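The same chain A turns up in both complexes below, where it pairs with chain B and then with chain C.
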Partner chain A sequence: MLSYLARRLLTGLLVVFGVTVMVFGLTRVAGDPAALMLPPSASAADIAAMRERLGLDDPLPVQYFRFLGSAVRGDFGKSLRHGESALPLLVARLPATFELGMAAVALALVVAIPLGVVAALTRGTVVDVGLLGVAVLGQAVPNFWLAILLINVFSVGLGWFPTAGRTAGLASLVLPAVTTAMYLVGTQLRLVRGTLLEVLNQDYMRTARSKGLGRTTLLIKHGLRNALIPVITIAGVQLGHVLGQAVVIETVFQWPGLGLFTVQAITGRDFPVTQAAVTLMAVFVVGINIIVDALYGLLDPTIRTA
Partner chain B sequence: MADDATSAPQAARRPRRRVGSLWLMRGGLIVTVAMLAIAVFAPVLTTASPIAQNLMAARQPPAWEAGGSAGHPLGTDYLGRDVWSRIAYGARTTLLTSTAAALGAAALGVLLGFIAGYYEGRIGSVIMALVDLMLAFPLIVLALALVATLGPSMQNVMLALIVTGWMVYARVVRAVVLRLKEQPFVHAARALGASDAAIIARHLFPNALTVILVLLPIEIARMIITEASLSFLGLGVPPPTPSWGRMLAENRLYLTIDYWVAVFPGLAITIAVLGVTFLGDGLRDRLDPRLRHLL
Partner chain C sequence: MRSIVNLAARLLLILATTVAVSSALGQTVTIAVKAEPNTLDPHKVVGRQSEAFLANIFDGLTARDAAGTLVPGLAESWEQVGDTTWRFHLRHGVAFQNGEAFDSESVRFTLERAGDPDSPATTWSQINTITGVDVVDAYTVDIHTVSPDVLLPARLAELFGPMLPPVYTVEAGDDFGTHPVGTGPFVLKEWVKNERLVLAANEDYWRGAPSVKEIVVRPIAEDATRVAALIAGEVDLIEGLPHVMVDMIDSRPELRVERVSASRVFYISIDASVKPLDDVRVRQALNYAIDRQAIIDRLFGGLGRPAATIISAQAFGFDPSVEPYPYDPEKAKALLAEAGYPNGFSIEFDYFSGSVADHYALSQAVAGYWTQIGIDVKENAYELGVFQEKRGANKAAPLYVYSLGDVFLEPFWLVEWLAAGDMSRRYSNPEVNALIQEIRSTFDASRRAELYSEVQRLMKEDAQHAFLFQVDTLWGASDRVNFTLRADEVPWFYPLSLAD
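Up next, the complex of A and B:
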């Protein structure tokens, strides 16, 4: 288990290293960073001075390792828009995004597990097909459109929740979390259904049934417990997906999290913040994947050697 | 699934065809063909220009509402542009970008998948490491950043979709090639002196084609949503080209007042995604039901 984890950590580190190369490359594709950082009215001499100051005349590998050296110390430079160090600005937005992500994943699990069980137990019936249909729909509806519809009905129409922002406590969280969860439910529901159907056909289930165990005990103790292992791992992976979703959802709801801030940085060509945000997100995804793998190894001993 | 013959509760495990799968596939086909027809025949199917503004006719409701007119069946937006016309012409943008990007991503991914599978070794590891690397990014953020740095244009949107969309093909094709290349018929071909290129082109590619065909609609559906999201965030295909995602973004201030500018573009995206998805699911069930576990 330990060597397995060590290997995962090592590959994770390599991936993060690759991420920094790509992030560095991305801003070099954009054109001259010096020209970007100065107002359009800047003279050629100003730009040259800025290039000199930023070290942009050095060979690219030198520039990259300077970037990497600062990045590992958390220094991505100052935001062009806010004039403050980029990383702390992003870190300040993290709690809002975590709140949204956790709420969405938890909500999705609470909805998807019972519905997945129902779908599995009623396989092939109208109920099952209906539930699968809802799952497909949840992924076909673009999340920003669902958000708009929900705002129209529940905020503007019924006045139950605020239309945007994060100032009304729990009431602000409901619509963004529901919108995000809607997408996650589809994947989870299908997974619960699929794995439960697989588990129900296992030999040990037949043994348990022939021992005379009740239907409920059988389902929960032997069925669900095994079927939920992949579901938990997917829920972990989905936390990473939520970061991508957050970019869109936070924009619709003006939710002051990492996603909204990143979109603003990208559209405002604030490249130190963009670099920091993309790196931060990738580090999260890699970290989450490692934790999920470790969890998987703990829950299911058979994969540790794989 | 291949070892099913030896396991006892066989009947229960055999992949059952989903109820109504054939009907869903037909429905998906009809919707997809209809979308294509709308995109191709947009000039015939619409009376108003998709980009002409007319402030005198701004914010008209759909034709069936009081105050609506037959000239604007789905109403007009805040600049007086015809919503139906923008949706019809927007179908061109959506279908073109998503299909071209899915094909481009497929070409790139399939190529890299073949290389990674056929020549395992170092180059294979490098490609698979690149796949892992790409999957570490929230892809929409990467696509956004790419379009922002390269500048918004239809080509750059497609490029961003391709760069963030080839990994699934590479993974799946590599898996197929790894399995296939140890098959007797491939060994036989090699023993007969066939070159690598000939083996790949004549023996491996046709066998991998099913997987690619099944993946394509799934990926087109995903690309439709991603393109719409990029447009919604302001970094999609630039104006004046009509795009479903941007229709929602442009009318942001009126979405809660004029329901028609909020409902119809989103409905168009949803119907398009559903149509392509059902078509893809049906194709998969018909071509190779075993893939359900893979995809």
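Up next, the complex of A and C:
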């Protein structure tokens, strides 16, 4: 188990390293921050001087290793736009994104598990088809469109929730969390349905039935318990997906998290913040994957040596 | 099951009450903007949005009134005392928000900080004609310029001339940007980035205390969300109302649209040094081919005006007798034929998305009009940052879209900018250059106006640009507040008041 984890950690590190190379390269080919930081009246000489002050005229490998050398010590440099250290700026935005992610995944599980069970038990009926339809719809609807629809219905029309921001406590969280959860529900519902159907056909289930166990006990104790292992795994992985979705959801709802801040950094060519944000996200996703793998190993002994 | 529904209903009710309470905080006005300033340090601001916001916390030596006219600010008067020297007489008894007195020393400190050779202000290029500041006495300063600069008083208005308190600024260091101190009408009370920026009235403001005691500024980047926040009554004012959403606001009795013509002129740069654009008839044909009014009507709800040159209608020296090119596709085709291109030609056209103003849709419309007179337009669509790099490297296509606003409402610098020769700025007309040099040092306003008329006539005729139009800047407002936009588009909250 330990050597397995050590191996996963090592590959994780390699992935993060690869991500830093990619984000560094991509930011450098995607435009010059110096020109965007000066007013239109700035001359070419002004822009060149700004590039020099920002250290952007050094050769790329020099810039990269300078970045990497500081980054391993947790120093991603100062934000070009905000003039403050990039990492603390981002860390201050983590709670908002974490809150949104947890709420969305929890909400998705609460909705998807019962609906998935219902779909599995009513397999092939109108109910099953209807639920699968909803699941597909949840995954197919573009999240920015859904977000604006929800704002128009629940904020503008009914006045139940604020349109944007994170200033009204729990009420602010509802619409962004529901929008994010919609996509997750689809995946989870189908997964619960599929694994439960598979489990219900297993030999041990037949044995349990033949022992005369009640339908509910059978379903919950023997069926659902086993069916939930992959669901938990996926829920963990989905926390990573939420980060990707946050880029859109946080922008539409002005949710002051990592996603919104990253989008602003990218548009403003704020290299230090973009690099720190992407590295941070990579660490986060890799970390979750390792944790999920470890948990999975604990839950299912056959995985441990794999 | 019923109890769950019941519980859910109660929960919703509680949530709904929280929202209602938080939006009805008496004397506070809430304003949603597209983006918050990147910093509140006047020497580190990036972008017009950030520059313009400063006026609420700082004052310049000069200021603008609602009509955009230059008026006294921290300086009560100013005069020329030599070809390259302006003397400013400062207002007595003004204190910074931390109690520091405002005097000549503040002016000297501020301008020297802005021009620090090791780290000049981001806005330095707007005031870099300044070569030195002499303190004459506690309330008189002489500011020297490298050459006669008719524009200096305008340069030192709120956008680029905010005055800083010397002692505090040095003490605060890098923290100044998040804990600014100025002499302006509002004090920064709280700033939670990406969430809200709270301004409190400066009760000791030298113009008199503002009527509204607290202003909450919320950045809401997404247009649809910002408009929804106004309709839902969460905010009282929104910046950047999209033209396509005007009807939504107009149809609600409690809301209104505030508008002012923006000085930004959209244009297509035409490279007169390459074939076939070196023929003035071809360039004029490109101009006649575009139906400017139709683009304004379709894309901007009719809220705009066609432009003849880079000089906007509200700027000093604007000459209405130089009229924009009319839409005349037949004439355009005839000119092309005359120039030897009866079947048109093939040409590249660069445009971009992602800037504060939308250049994308209008560029596609322009390309469509050119196609109609037989030109094969090769369109390259870029993201702003990528295009800026290409333009900066002097590699933009022979035709590319751009726009400029006149921050000084005195436009010779715009013409000079277009003619700079580098960064894909290719305007070349020796006659115009000579006129601009003359304007720079002509302190007699009526003579300057004559020179500007000549500049406009020449710029239209040589057609090295297809100037398109100016469009209106729109804000959405609730009837709860009295607010009008300033002609220079600075979001100036000092006159803001609550309707009774």
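Side notes on the structure shown:
We adopt the following convention: the second predicted complex is superposed on the first by the 272 of 306 C-alpha atoms of A that agree within 3 Å, B and C clash if a C-alpha of one lies under 4 Å from a C-alpha of the other, contacts with A are read in each partner's own complex, and residues count from 1 in each chain.
Here is the rule we use: contacts are C-beta pairs under 8 Å (C-beta built on N, C-alpha and C of every residue); 3 or more make two chains touch, one makes a residue touch a chain.
Keep in mind that what you see is a predicted model, and the values were worked out from it rather than measured.
In the superposition on chain A, A:267 makes contact with both chain B and chain C. By the touch criterion defined above, A:152 reaches both chain B and chain C.
Touch criterion met: A:163 reaches chain B and chain C at once. Touch criterion not met for A:224: it reaches neither chain B nor chain C.
Within the superposed three-chain model, A:119 lies out of touch with both chain B and chain C [touch as defined at top].
Once the two complexes are overlaid on the shared chain, A:44 sits against chain C while remaining clear of chain B.
By the document's definition of touching, of the two partners only chain B reaches A:244; chain C does not. Using the contact criterion defined above for the overlaid structures, shared-chain residue A:171 touches chain C, although it does not reach chain B. Of the two partner chains, chain C is the only one that A:53 touches; chain B does not reach it. Looking at chain A, you'll find residues 30-31, 148, 151-152, 155-156, 163, 251, 267, 269 touch chain B in one structure and chain C in the other.
Listing the residues of chain A that touch chain C in their complex gives 30-33, 35-44, 46-47, 49, 53, 81-84, 89, 92-93, 148, 151-152, 155-156, 159-171, 174, 251-254, 256, 260-261, 264, 267-269. Residues 11, 14-16, 18-19, 22, 26-27, 29-31, 124, 128-129, 132, 136-137, 140-146, 148-149, 151-152, 155-156, 163, 201, 206, 240-241, 243-245, 247-248, 251, 262-263, 266-267, 269, 274, 277-278, 281-282, 285-286, 289 of chain A are the ones that touch chain B when the two sit in their complex.
Every residue of chain C that touches chain A in the complex is listed here, in rising order: 12, 15-16, 18-20, 22, 32, 35, 38-39, 41, 44, 46, 48, 51, 119-120, 122-126, 174, 177-178, 192-196, 218-222, 224-226, 228-229, 231-234, 354, 383-386, 388-389, 392, 404, 407, 413, 417, 420, 422-423. Residues of chain B touching chain A in their complex: 9, 12-13, 16, 18-20, 129-130, 132-133, 135-142, 144-146, 148-150, 221, 225, 228-229, 232-235, 245, 248, 255-256, 259, 262-263, 265-266, 269-270, 273-274, 277.
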